[in-house]
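Taking it in order: structure first as C-alpha cells, then the write-up.
Chains here go by letter, A, B, C, D, E, F, G and H, matching the order in which they are written, and residues are numbered from 1 within each.
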Amino acid sequence: MTRQEVRLAGFGGQGIILAGYLLGKAAALYGGQHAVLTQVYGPEARGSACNADVMLSDSPIDFPEVRHPSIMAVMSQEAAESFLPSLVGDGTLLFDSDLVQLDWPGRRFGVPATSIADQLGRRIVANMVMLGFLSATTGLVPPEALEEAIRTTVRAHTIELNLRAFEAGYTRGTAA
Amino acid sequence: MTVRQAHQERVRTGDHFINGDVACAEGALAAGCGLFAGYPITPSTEIAEHLARRLPEVGGTFVQMEDELGSMAAVLGASWAGARAMTATSGPGFSLMQENIGWGVLTETPCVVVDVQRPGPSTGLPTQTSQSDVMQAKWGSHGDYEPVAYAPASPQEMFDLTVLAFNTADRLRIPVFIMADEAVGHITERVRIPAAEALPSSSRPRPTDAPGNGFLPFKAGPGLVPPMAHAGEGYHIHITGLTHTERGYPTNSAEVHDRLVRRLSDKVLRRADELTLVERVWLDDAQVAVVAYGGTARSARQAVRIARERGVRAGLLRLITLWPFPGAAIAQLGLQTRLVVAESNLGQVAREAERYTAGQVYRVTHAGGHLLPPEPILEAILERA
Amino acid sequence: MATLASRRPIDSPRVVRPRGQVYTIPVRCKGCKFCIEFCPEDVLQESPQMNSKGYHFPMVAPGKEASCVQCGFCTLVCPEMAIFTLEVTGA
Amino acid sequence: MSEIVTTTHPTDPLLRAERLPHIWCPGCGIGSVTACYMSALAESGLPLDQCVVVSGIGCTGRVAGYVNLDSFHTTHGRAIAFATGVKLANPRLQVTVFSGDGDLFAIGGNHFLHAVRRNTDLLVVCVNNFNYAMTGGQAGPTTPRHSFTTTTPRGATDQPFNLQHLAAALGVVYSARWTALHLRQLKTSFSQALQLHGFRFVEVLSPCPVGFGKANDLGEGIEEMEFYRAQGVVDRRISPAEALIEMSKSTPLPLGVFVDPERQGNGQAGPAKGADGVVGR
Amino acid sequence: MTVRQAHQERVRTGDHFINGDVACAEGALAAGCGLFAGYPITPSTEIAEHLARRLPEVGGTFVQMEDELGSMAAVLGASWAGARAMTATSGPGFSLMQENIGWGVLTETPCVVVDVQRPGPSTGLPTQTSQSDVMQAKWGSHGDYEPVAYAPASPQEMFDLTVLAFNTADRLRIPVFIMADEAVGHITERVRIPAAEALPSSSRPRPTDAPGNGFLPFKAGPGLVPPMAHAGEGYHIHITGLTHTERGYPTNSAEVHDRLVRRLSDKVLRRADELTLVERVWLDDAQVAVVAYGGTARSARQAVRIARERGVRAGLLRLITLWPFPGAAIAQLGLQTRLVVAESNLGQVAREAERYTAGQVYRVTHAGGHLLPPEPILEAILERA
Amino acid sequence: MSEIVTTTHPTDPLLRAERLPHIWCPGCGIGSVTACYMSALAESGLPLDQCVVVSGIGCTGRVAGYVNLDSFHTTHGRAIAFATGVKLANPRLQVTVFSGDGDLFAIGGNHFLHAVRRNTDLLVVCVNNFNYAMTGGQAGPTTPRHSFTTTTPRGATDQPFNLQHLAAALGVVYSARWTALHLRQLKTSFSQALQLHGFRFVEVLSPCPVGFGKANDLGEGIEEMEFYRAQGVVDRRISPAEALIEMSKSTPLPLGVFVDPERQGNGQAGPAKGADGVVGR
Amino acid sequence: MATLASRRPIDSPRVVRPRGQVYTIPVRCKGCKFCIEFCPEDVLQESPQMNSKGYHFPMVAPGKEASCVQCGFCTLVCPEMAIFTLEVTGA
Amino acid sequence: MTRQEVRLAGFGGQGIILAGYLLGKAAALYGGQHAVLTQVYGPEARGSACNADVMLSDSPIDFPEVRHPSIMAVMSQEAAESFLPSLVGDGTLLFDSDLVQLDWPGRRFGVPATSIADQLGRRIVANMVMLGFLSATTGLVPPEALEEAIRTTVRAHTIELNLRAFEAGYTRGTAA
C-alpha cells in the first residue's frame, strides 16, 4: 500500500479548495487511484489561512485525515507559516514564489504562479498554475487525468483558460 | 423528452467525486424524493443546497422553511400527500424536530431525517465532527418508540443508505434516520451511482379496497404495518397524533393506547434481524473486536489493520444500523472476543453494548471535534489482546 | 458625506479647523478599504506593505500629512478597530 | 306541524356523523362554524375528495376530526407548516387550515408570518375564542386586556393581537372577521375564499363559555351570541388597523371583509412588501 | 409589613389538601423561585395557573410565553439575571425545550424543569398518566450530558422534591428535572409545608473575587462546579452555547471540548452517591424486589404489602432519583433478590436496570393511560417468588 | 504627520480586545455596527455594568462575544425570549438584543411578534445582510426577490419582509433603519433608543460580500458600502409600509427613523391594537 | 337579525312565504338554546323533556306549528347538527 | 386498615369536584384520616357525567384510584346510569331525588338536594346539601370536620350559605 498525503494551502479566494478537489477527482475518477479530499470548515477559517488536504492511495483509504503531508503546496505567507510544521521532514514543498518567502531544508520548488496567472489575464487561475506545477514536479497524478478533471468541473467558458494555466504550470514544473 | 431521459436525470448513474452531503442528496433524488423541506445548519447544509438546485430539475420540490419545527411538519404533510419526503439537519435542529418526529411515529408517516452530527451539547463545535446524537435518535421524543437509524461511513454509503432509508421508511411506515457525522458528510470521495434499474426499491403498503368500503387506516395485518392511503385519494382518512383506533379516531382507552404503542414498537423490533446491518471484518479468528460505526469505523479499520500487521488477531464489527440496536451481533461477538467500542461521544453505543455482554466493554471515546484517530483504538486493541 | 467641519456653527467664535493624527493597528486590518474610501479628505491610501495575513493596511497618503480634519469617520467605519485619530491640540 | 324527531341530519354526510355528539361544550360555537364551512365547501363545487383540512391542537383543533374529508390533526402550532407540505407535494389539493387563536398565533405565530410572506396557497380559518380553551382557559395572544383567565387572575395586561390588522399588514390575499352568529356572512366568506388563490384568512369570534365567557361577564354561549348580535357591525370603510375588538357593550364590534382582492387599493393597508428587484443593478 | 410576614407568605407553612401540581408550585415558592416562564399544557397547567396567582403576591414574576421554546429560553435568561427560575410542561413541551436544555447544560445554568408526564408518543392521551419520558430526560437533547431527575410519588414529594431540585440545580449549576406523572400531579392529598427555617437550602457557588480580577466563569475547582456571576454584577461575563474556554470564550479545540463535556458529566456522576435517593421498603429479607417510582410506586407498594400478607417475602426499591441512575442500588439488590421493574412505559427503567444485573429483569409495563394497578405487579411478584 | 503605528485602540476597553481580530470577514459591516453601538452606549451615561447584550446564532450572533459587557450567545432564534427572562428577572438591567435577520425573523420570528405585542422593554438590533451568512449564504426572510443565494440558485421567489413595516405594524415604540455606512445617524438612533422604554428596533443594512454581495453584483464590502452611499436617502415623510428596499441602482433606499414616539400620530402607521376593555360590560 | 322573508326581492312574481317543517335529533342536543333564541319567528321553545344528558332539546312552541318560514337559521346555528328544517312543498 | 372508597357523581357545574374536595380535605386535615381525591380530566369529560373519587383510610393510601366504591352519591340521571355498575354490591347509594330515578337493591337514601338548595336561594349549593346528607347517613367524616373544610375553602361571602345548605342536608340525613 502506498499512500501520499498532500496539503494545499493559501488564503480564501485563491481557489485552494478547487485545486484540492481537482487533484482528488483526477486521481479517483481518471487516475485509477483512491483519493479523499478533506477541508476545514467554519467562520474561524475565513479570511485567514485555508487548506485542502488530499490523500491518495492505491488501496481503499480508511482514516482519511491528512496529518503529516509529504507534499505541500503553499500560496500565501500566512499559510506557509502555519502549515509548514506539519510537512514531514523529507517532504516536498511547492510554493508560489510571488507570495511566499521561506526556508525549507528538503525538496522545494517555487513557481511564480500568481504572475503567470496575471499574464494569462486572470489572477484567479494561479491555483491551476500550481496544480500543473505540482503534477509535473511530483508526478502524483498524470496531467491527462487532471486535465479531464478540469474539463468536467469548471464552468464551460472557463475551461480553456484553466487548461492554459494548468499547462503553463506543468511546463514550468517539467523544467524545475 | 422521453420518460427514460427524465428518469436518467434523477439518477445520475456513473462515478462522481462528491462529498457525503452531496452523495446523500443524490441518494434522495435516486430514491425518488419528491419534497425536501429544511432549514440550513452546518454541517448538513450542502444537502439542502444541492437539492435546491437539483430537485426542481427533476420535478420535485425544494422548500426552505422558517425553522426546523416547520421543516419537519412540512415533511410529514408532504408524505401524507403522497411524496417521498426528507429533511436534513444537525444536532440543534434535530432537537427541534423531535416533537414532530413523535407525530410521525404515532401516525406511521414514512419520511427520512438526516442528522449530520456535530459536537454538542448545544451549539458546541458547529463545523466539526461527532457522533453524540446516537441515543437521541432513540429517545429524543417523548414516549416509547423504536426508530430505524443508519450510520454511513463514506460518501458512497451516504448515497446507498439514503436510498435504503427511503425504502425502509415506506416499507415500515416510520421516520428513518440517517445518523451521519460531519467527517463523513464533508469528506469527498468517489461515489458510484448505479443505473436506475439497479437501485433497490420498496414502497408503502397501499390500500387494496377502493374508497368507500370502510377503509381502516390503522388496521394492520400480521406484518403490523397498515396500508397507507394518501390525501386526495378519496378515502377521507383522519390522522391524529392522539391515541387512535384502527379507524384513526381519537380514543381515551388506555388499552388501545398500550396496544397501539406496542404494535408500533413491534413492527420494527420483529424485523430487527433484517434491519440490523453490520459489516464483519476479520472477525473469524479475532481475539479482540472493535465495534465502531460511521466515520470512526474508518479509524477503527485502520487500527485493526495495523494490529493485524503487528500480529494481533483483531477484527472489526462495523455497525451500519444503529437502531434497532445490533445487540444480537454484539452479544454473540462478546462470547468469543474481547470488545472495544470506539466512538466519537462519551460511550453511547458502549453503554448499549453493555446490555448484551456480561462484562463491561472497553471504551475508546472522545466527545468530538476531530475524527477519532486510529492510535487510541490501536492502543486499546493492544491492551486487550 | 458632510465633514464635521462643514457642520460647525457659523457663529462659532473662531472657526478653527481641527487637525488629527492618524493611528493604525496594522495587525488588525483586513484591508476592506472603508477608511480609505470614505475619508472625506482623502487622507489615506493603501500601504504597499502587507500584514501577516496579506492585507494592505492604510497609511497616510504622501502629501496628506496635514489634511486630517479629525472628523472621526475612519474610526467609526473601521470594522476592525484598526484605525483611529486623535486631535492634535495647540496646532 | 310540530317538530319531527329523527336521527340523521342533512349535513351528516359532510361530517363524520358516527362521531356525534362531538366533544365541544354546550354553548360552544365551534360546531356551528364547522358545519358552516362544510356547507360552503359542498356548495363550492370543489371535488370533496381533493379537499383537505389540517388542524393543530386545541378545541378548534378537533375540527379535523369531524369533517368528512382527508383531515389531519397535527401538533400544536404546526398546522400551517404541515399544510404547506401537503400543498407543495400535491398542488391539486385544496387545503384549509382550521385552528384556534392560540395554536395559530401563540406557538404557531411564526408559521403564519412566513406562510403569508410566501403567499402559500392556503385558506386559514381561526376560531378566535380569546383564550386557550382546551387547556382550561388560559390567556392567549388575543385575550383582551383586563380580562380574567386562569393565568391572568388579576386581569390580562398584555396587548392582544388584532388579527385582522396583523393579516392585512402582512399582506394576505383575503381577510374577513365574523362571529359564530354571523353564519350567513361567514358562509359567503368561506365561499369567496375558497375560490381565491394564495393565503386567505378567515377569523371567527366564537363563544367559549367554559374557558372565557363565564369568567368575563359574557355568560353562557347564548349570552355571548347575544353580545355579538348586539355589538356586531359590518363597517366596510374601516381599515384593518382600526378594527379593534373592544368586547364592551358600549362599543361596536367591527366585522366584515377587511382585505378583499376586489377592493385592492381602496385605502386599505397594503401588504408588507420587502426588498425587491435584481439587486445591485 | 415586616420581612417575616412576607417570608411567611412565600412559604405557606402548615397542612394543605392540594394536588401534586399545586404542591409543586408551592414548593417552587418555598424554594424562592423568582420567575416562572411557561406555556400551558395538560397535565402540568395547574402549576402555571397557581404560580400566576401566587408569584406576584410574593414579589416574583410569572410570565406566560408564546411557546415552550421561549419559556425555556426565558428561564435560562432569568437564571443568569440571578433568579431561581422554573418552567413546567408535559411531553410535547418537553420535546420542544430540549434544544435550550442543552444550552443550559453547556453553560451550566441552574434551573428547574418539571415534566408532568402523559402517555406519548405525540399528543397521545393528554389527560392521562404515564412515565414514558424517563429516557428522554437523559437523552432528549443532542450531545452527551448527565442530568439530575427526580420522580415524586405524592403531592408531598412534589413539594419536597421541587425544593430539592432548586437546591441541586444551584449547587451543581445544571437544569434539574422533576419527572412527575399525571397521576401524581392530579391527585389531591395532604401536604405538610414546614416552617421556612426548616426548609433545606443550598445555593449557587459564587465568585469570591471582586469584578475586574480576571474572573474565569468556567474555571472549576476540585468540585468541578465553577462559581457563577450574574448579569449586572460587574464581571462582564460572556456565556455561549459554543464550546468555550474557562474564560467563557468560544474555541475550536477538540481537546477543550472533550474536557468540558467530560467535566460537565463528571460533576454529576461524581456525586452520584449523594444524588441518587431511593426508598427501601421491606427489602431486608426480600426474595423478590419490585423496583418502581412515581405514581407506579404506590401501586407497587400495595402489591408488595398484599404479597407479604400472603406470606411472600417481597420488598420495594422506590427510586426517588431517576438520574443519575441508581444503578448501584439495583446492582446490589440484583445479587440478593429477583427483580421486578414496574413502570408506566414499555420498560425504560427496566432497560437501564439490565445494565446493572446479570440476567434480565422481569418487566411489568404498560404504555400508560391509567395508573398501573397493583394486580399485575402482585402477579409478577408471585410468579417470581 | 504620517500615521503612527500602535497596538491599542480607544474603543478597546469597550470590547473584549483580547479577542481581536474578530472572526468577521474583510468587508463585513458587523464590526462597525458593534463599535458604533458600544460608543453610543458608553456615551449614554448608562452604567455599563448594568448593560447586557443577548445574541442568537449567526455572524451577527457573535456580537455578544466581542462587547465588554455581560453578554450571552444563546440558541438560534431565541435571543429575544432569553432576553425577556433576563429583563423580567432583573428589571434594572438595560438589555439589548443583537442578532441577524435570519435569527430574529426566520426561526425567531415568533418571539419578535410576541415581544412587540407585550411591549417588552428591549432594544433589538438587527444586522440585516439579506442572507444567512454564518451557514454560507442561504436565502432568508429578507432576501430580495430574484437574488441569488445557495438555496435560490435560480433567484429568490418569496416575498421578503420589510422589517420597518413589520415593526411599525406590530407597534414598536421606536424603529429605525440605517446602513453600516450611516454610522453617525446609527449612533444617534442607538442613543435615542437607549433612552426610551418598551420595545425598540434598529435595523442596520450591512454588507456581507461573502454570503450575498458577490453573488448578487454588489461586489466586495466596499462596493456595497458605495451602493449605500449612492442610494441611501433619508425620507422622513415616507411611511413604513412603503419603505421598500429595492436594492437597485435606480431606486432610492429609504433610511431613517420610521417610528418615533415624538412623532406619534403624524400619519405613521399605528400599532396593531387588539381587543381591549373590560369585556362584557 | 333580518329574516329571510324581509329580504325577498319586492319584484318577486309571487311573494310566496315558504313554510318549513322542523326536525330535531334530541340525543345530539346540548341545550345551548341558539336555535330557540335566534329563530326569527320564535318558532321554537325548550321541550320540558330532557335527553339522557339532561338537556332540554328544542320543540315547536304551541301555536307556532305553521310559523316556520324555512329561513334555515336554526340549521345553520345549531353547533350539534341537532335540528334542521325542510321546506314543505305544495303548502 | 379500614378503607372507604367514595364516588360523587353528577354533571359539570353541579360542584361535584368541590364536594369531593371538601370531603377529602375534611378527612385529611380535620378528621385525622388519610384521604386522596382523584378526578377525571379532559374534554371528553365535559358536559357529560363527571365524578370525584375520594378514598379514605386510617393508614397511608398507596394505590389511590377508586375502582369499587362502597359509597356513591349521584346527582344526575346520566351519572347514575354510567357509574352505578361500579358500586359494590352491598354499597350505599345516595341520590338527589329531584334529578335521579333508579333502582338499587342495597342501602339507598334519596334527598331532594336541588329543591332544598333552591329553597335556600341558590341551586348551586345542592352539592353542599348532598355533602351534609352524606355525612349524616354514612358517618364517614364528622360534620365538624366538613364544616371546617367549608369555612377554609369557599369564598368568604358564601361560607354562610354553604354551611346552611350543609346543615340542611345533614338534618335530612339524620332523619333518613
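The criterion applied here is as follows: a residue touches a chain if its C-beta (ideal position, glycine included) is under 8 Å from a C-beta of that chain, and two chains touch if they have at least 3 such contacts.
Please read these numbers as outputs of a predicted model, since none were measured by experiment.
Common neighbours of subunit B and subunit D under the contact rule above are E, F.
Under the touch definition stated at the top, subunit B and subunit C share these contacting partners: A, F. Set side by side, the interfaces C-F and A-F show unequal numbers of C-beta pairs in contact, with more at C-F. Chain geometry summary: the mean Cα position of subunit F and that of subunit G are 59 Å apart.
For this pair, subunit C with subunit G, the centres built from the Cα atoms lie 85 Å apart.
The distance from the centre of subunit A to the centre of subunit B, each centre being the mean of the chain's C-alpha atoms, comes to 36 Å. Residue positions 42-44, 47 of subunit H each touch two or more of the other chains.
Within subunit C, the positions touching two or more other chains are listed as 30. Chain contacts: subunit E has residues 42, 66-67, 69, 92, 99, 103, 122-123, 126-128, 240-242, 252, 370 touching two or more partner chains. For subunit H in complex with subunit G, the residues that touch the partner chain are 11, 47-48, 76-78, 81, 99. Within the complex, the subunit D residues that touch subunit G are 1-12, 15, 17, 20-22, 24-32, 35-36, 39, 180-181, 183-184, 187, 220-222, 225-226, 229. By the touch rule above, subunit A contacts subunit F in their complex via residues 43-44, 46-47.
Of all residues in subunit F, those touching subunit A in their complex are 23, 25-26, 59, 62, 134, 210. If you check the complex, the residues on subunit B that touch subunit A are 15-17, 19, 42-43, 126-128, 183, 186-190, 298-299, 301-302, 305, 370-371, 373-374.
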